[in-house]
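Working notes for the structure below.
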């Protein structure tokens, strides 16, 4: 029954990579906490780089500097 | 003053349906908890089916099997 | 499969009132969006009044003034 | 290390305004709580006006009435 | 830089199990998305069983029936 | 009408510091986005150090090493 929310920057993650995340997190919750996979929910949120700040600036600016 | 966040898969919910959810949840909070509707906020988030996993797989895959 | 998160101030809501919220929100999602109640999740978060601000001040201060 | 999530209606906020929010919130956490800005994350979520309800109705409807 | 939020019911998860979740999710994000573990944040939220509803009822009630 | 959620580790933040955060964030949203302070909500969530991971380990472990 656990709920997992994964926030990442929106930079071209494929459906296949998302599927790997969903499966991997679900398996982890089964292994570590013995949770029921059938009711384990994983939601991936992709955030625009203008809307994600770290170190006081948007990721968009960091990417321009190669960070 | 309550805040309600509703996450659903992005599968064509109309503005009218959203309005029904907003009104229904607000009424419920007034009835059950005597909250002030004027400051009750309801936010609906629509999540792509590739980004919503349950049972270890994306909803996109489940929809292909008619689930 | 929808997920609903309800945030309210922590001011003595009983388990019975919480049960009414859970049932009411679940019913609403079934009625409006034809969702499956078996996989509809409702989470209630109770927030201390020192930790909830509106109008630039904590609810604790507002309560002292009878608001 | 703090995480800040800012939800606003999607009504044309520019990248420059977002940058001001990111910088301002980060500075505030440094000043008030002495947090490390390098690991302070600020995420801005823009929500469609159909999906944001207050007072039991969508912001879309309120905007039509000039609210 | 990803942020992961894991919500589970508050039913006696040990600090060691939490550490396993934190490490496992961080490793997964490194492997699947090549994210930097140093800035990957994992937050675990434990929710009282009265405050977690599924199928229209609180988990507290389900536990009484052995579910 | 904006909603701000601030997550910090639970390490003894006073009510006065919280009030400064609430006021500071509210003022920032008024200044940058011309939002109405009366309907601006700020919620502070304090997370136990066992439940907050960064760099693949809990903050509890990092604090023991003086980080």
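Here the chain labels run A, B, C, D, E and F in written order, and each chain numbers its own residues starting at 1.
FYI, a residue touches a chain if its C-beta (ideal position, glycine included) is under 8 Å from a C-beta of that chain, and two chains touch if they have at least 3 such contacts.
Keep in mind that this is a model prediction, so the values were computed, not measured.
Trainee: Taking each chain's centre as the mean of its CA atoms, which one is farthest from the centre of chain D?
Mentor: Following the centroid criterion, the farthest chain would be E.
Trainee: If I average the CA coordinates per chain, which chain comes out farthest from chain C?
Mentor: A
Trainee: Where the centres are mean C-alpha positions, what is the separation of chain A from chain D, in Å?
Mentor: The separation of the two C-alpha centroids amounts to 20 Å.
Trainee: Measuring from the mean C-alpha position of chain D to the mean C-alpha position of chain F, what distance in angstrom results?
Mentor: The mean C-alpha positions of chain D and chain F differ by 14 Å.
Trainee: So which stretches of chain D touch two or more other chains?
Mentor: Correct list: 1, 3, 7, 21, 25, 39, 41, 43, 52, 54.
Trainee: Once you've mapped the touching chain pairs, tell me: line, ring, star, complete or other?
Mentor: Basically it's none of the tidy shapes, so other.
Trainee: If we use the touch criterion from the header, which chain pairs count as touching?
Mentor: Pairs flagged as touching, ordered by label: A-B, A-C, A-D, A-E, B-C, B-D, B-F, C-E, C-F, D-E, D-F, E-F.
Trainee: Tell me, which parts of chain D touch chain A in their complex?
Mentor: 15, 18-19, 21-23, 25-27, 37-46
Trainee: Over in the complex, which chain A residues touch chain E? Could you list them?
Mentor: That would be residues 1-9, 13, 17, 20-21, 24-25, 28-29, 31-33, 35, 39, 52, 54, 59 of chain A.
Trainee: Which residues of chain E touch chain C in the complex?
Mentor: Interface residues on chain E, with respect to chain C: 7, 47, 50-58, 60-61.
Trainee: Please name which positions on chain E make contact with chain D in the complex.
Mentor: 1, 3, 39, 41, 43
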